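Just passing along the structure, written as structure tokens.
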Amino acid sequence: MGKLTIGCFSSLVGSMSLDFAVKLSAAAIEKGHKVDFWVSGNGTMLSIKGQRAFKDYSALMKPVQELMGKGLTITACEACAEARGYNKENTMEGFKRHSMDWYLASAFNADRLLHIGGE
Amino acid sequence: MKLAVFVSDYKLNVDTLDRLKPEKLGIILVENGVYHATIKENGTPSSLLKKNANFYVLMDDLETRGLGSSDINNNIKMISYGDIVDLIFNEYEKTAWL
Amino acid sequence: MSTTKLGFIVQRPPYKSENPKLALTHAISSQSVEVYLNDGDIVTADVAFIGDGVLNCLKNQKAMEKYALSSTETHIKNSLLLDLNVMVCKEDLDRLGLSENDIVMDAEEFGAEVTTKVVPFSEITKMMEEVNHLLFF
Amino acid sequence: MGKLTIGCFSSLVGSMSLDFAVKLSAAAIEKGHKVDFWVSGNGTMLSIKGQRAFKDYSALMKPVQELMGKGLTITACEACAEARGYNKENTMEGFKRHSMDWYLASAFNADRLLHIGGE
Amino acid sequence: MKLAVFVSDYKLNVDTLDRLKPEKLGIILVENGVYHATIKENGTPSSLLKKNANFYVLMDDLETRGLGSSDINNNIKMISYGDIVDLIFNEYEKTAWL
Amino acid sequence: MSTTKLGFIVQRPPYKSENPKLALTHAISSQSVEVYLNDGDIVTADVAFIGDGVLNCLKNQKAMEKYALSSTETHIKNSLLLDLNVMVCKEDLDRLGLSENDIVMDAEEFGAEVTTKVVPFSEITKMMEEVNHLLFF
């Protein structure tokens, strides 16, 4: 089994790139791989607590929490989050916050890296 | 190198894919990239399908958009999220999301 | 008593961006805008799908099954149910190899009385001329 | 003097579309016009309080607050905000929250409407 | 109608502008749309500049990107945010951000 | 003691998206990644601008003056200061009518010892072959 590091940068909530990354993480964990998930830029929107699940909007908080329970490590870029008003207090429990070098460190021993930076 | 390229848009605003010439190329159509698998503008399939590559399309993203297996070109393999995981780990060495 | 007409023009495919869906939900909200206005004043919303935006209109979208997300198809049906004027550009359907059989044409199962109108681009131009404000998505 | 209604929908924090809309609002108010500003979709990111101003990120909280002092009316789509975890408690003071019909009502008597929905 | 169109991208992913034929057309280049005012790909100015329209480019957005007045085509007027406000209210009736 | 090489490829112009800047700030963070690693283990970051991404490299960007935002130019200079390998595709500069005079070639004023390398696309392909992982922006 291998290690997959996923970075999701620019994904809009409401686009499907974060949805894609979460589903891919689930599939990889299901197959026994280790997954590190990094969100930066607008991807940090995924980290805030208190997101409400409406059927008209991508609602990823619950799937992310379930994956954390199955071993997903998920980390938000601290500066990108703070700039957007996402601070330590309003971050979802279990969601880590680090500086950008965390992502590169995760890439260091990753077997595969999928960087979703387009847009 | 063995490269898996993810195409997530129908109208691409970069020309990178035309310039990549890896030893082995996989093109995985996801999100709005799935339209390349089905749409024939003025009767012509997407020029992307002319590339010398293995083509895959994510079934979930086809069906989300109202498309299905009957719509896709026959050189394209329909795959699941689990298949993507296997492709990344077993068939290709590096990935590129354009 | 006066009327302000808005034209919502959807130019891009669904899902990659939230915009096409927001176009529809905002157009639909024209039905409840009276709470802010004087008696008799109204806002109307016409919706036109052009360019690759016509891909929003494909039938059998499984967004709820696959991503737990209401589909753009559902929002088009809601728009018809609320008697919005929904237009789809014929030239773009032709270009993409699509016909009326492929797209959402009605919401009869919800009791909608109006249907989607497949029209030449010139009709959409006419709508754009007639409305007070344009909103491109 | 007229009334300008601006809607900014999909703008990324970090793209320049929200920056554009804020600067255009300032210029219109400077000239004596009334400006209504509606944010929906990811544009609702503008409404959260506690955004930190780093020079690497668009920092629009302070300019928006200054414009509110000069008469700008600014309103976020309530559902779009709630879906993203922006609730009443973490909304910037003075930033209104309404359902989508508020935007259309503002358009009703606007002399001009600029809808920034692209992307 | 008198229509002011805002172009904010260099690579447009919609063809709407080609299909709009208003009585009076203003094209306001903002954000990455400003590259249309300056870049000559393989020596050729942007095809957008061939349209029958009044052209404007936002000075702030030019300068942000390292471009300046010496780079722009001479049928394009350099304008400020205040000028945009005046154009919208006085010269055009409707706006379109594509 | 091992090295993991990352290739950062910037394909799009600056400012409209935050991505080109995030490419540079993430590449720069390769300089501090050792805190997470064992002694002698390192991560290197090569940065290549291709396609319209070469527009990131224009000189005299006034983002700070106009929008109170640090410019992409500044981040490129920081990258040079930290000895990152910064490449710019020659074919794309040519296509866009740009030369070395138009782009950020050094950060001498900060004491940087390395300069931007204008190279044919084939050199960038070679880098892509050599690195362990690719990150496209």
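Brief remarks follow.
Note that the chains take the letters A, B, C, D, E and F in the order they are written out, and that residue 1 is the start of every chain.
Going forward, a contact is a pair of C-beta atoms (placed from the backbone, for glycine too) under 8 Å apart; a residue touches a chain by one contact, two chains touch by 3 or more.
No experiment lies behind these values; they were computed from the predicted model shown.
Taking the definition of touch as given, a chain qualifies here only if it contacts subunit B and subunit E alike; those chains are C, F. Listed here as common contacts of subunit A and subunit E: B, C, D, F.
Note: the chain lying farthest from subunit D is B, by mean C-alpha position. Across D-E and C-D, the chain pair carrying more C-beta contacts is C-D. Annotation: 43 Å between the Cα-based centres of subunit C and subunit F. Taking each chain's centre as the average of its CA atoms, subunit E and subunit F sit 29 Å apart. Work out the mean CA point of subunit A and of subunit C, and you get 33 Å between them. Subunit B and subunit D have centres, each the mean of its CA atoms, that are 38 Å apart. Counting partners per residue, subunit C has 15-18, 22, 25, 52, 67, 132-134, 136 as the residues that reach two or more other chains. In subunit D, 10, 12-16, 41-42, 56-57, 59, 80, 112-113, 115, 117-118 are the positions where the chain touches two or more neighbouring chains simultaneously. Counting only residues that touch two or more partner chains, subunit E has 8-9, 11, 13-14, 31, 60-61, 64, 94-95, 97-98.
Of all possible chain pairs, those that touch are A-B, A-C, A-D, A-F, B-C, B-E, B-F, C-D, C-E, D-E, D-F, E-F. Those residues of subunit B lying in contact with subunit E across their complex are 9, 11, 13-14. Taken in their complex, subunit D has these residues touching subunit A: 10, 12-14, 41-42, 45, 48-54, 56-57, 59, 61, 79-80, 82-85, 87, 90. Subunit D contributes residues 7, 9-10, 40-42, 80, 99-105, 107-110, 112-113, 115, 117-119 to its touches with subunit C in the complex. Residue ranges on subunit B touching subunit F, taken from their complex, read 1, 3, 13-16, 19-21, 94-98.
The part of subunit A that touches subunit B in the complex is made up of residues 2, 4, 15-17, 20, 23-24, 26-28, 30-31, 33, 111-118.
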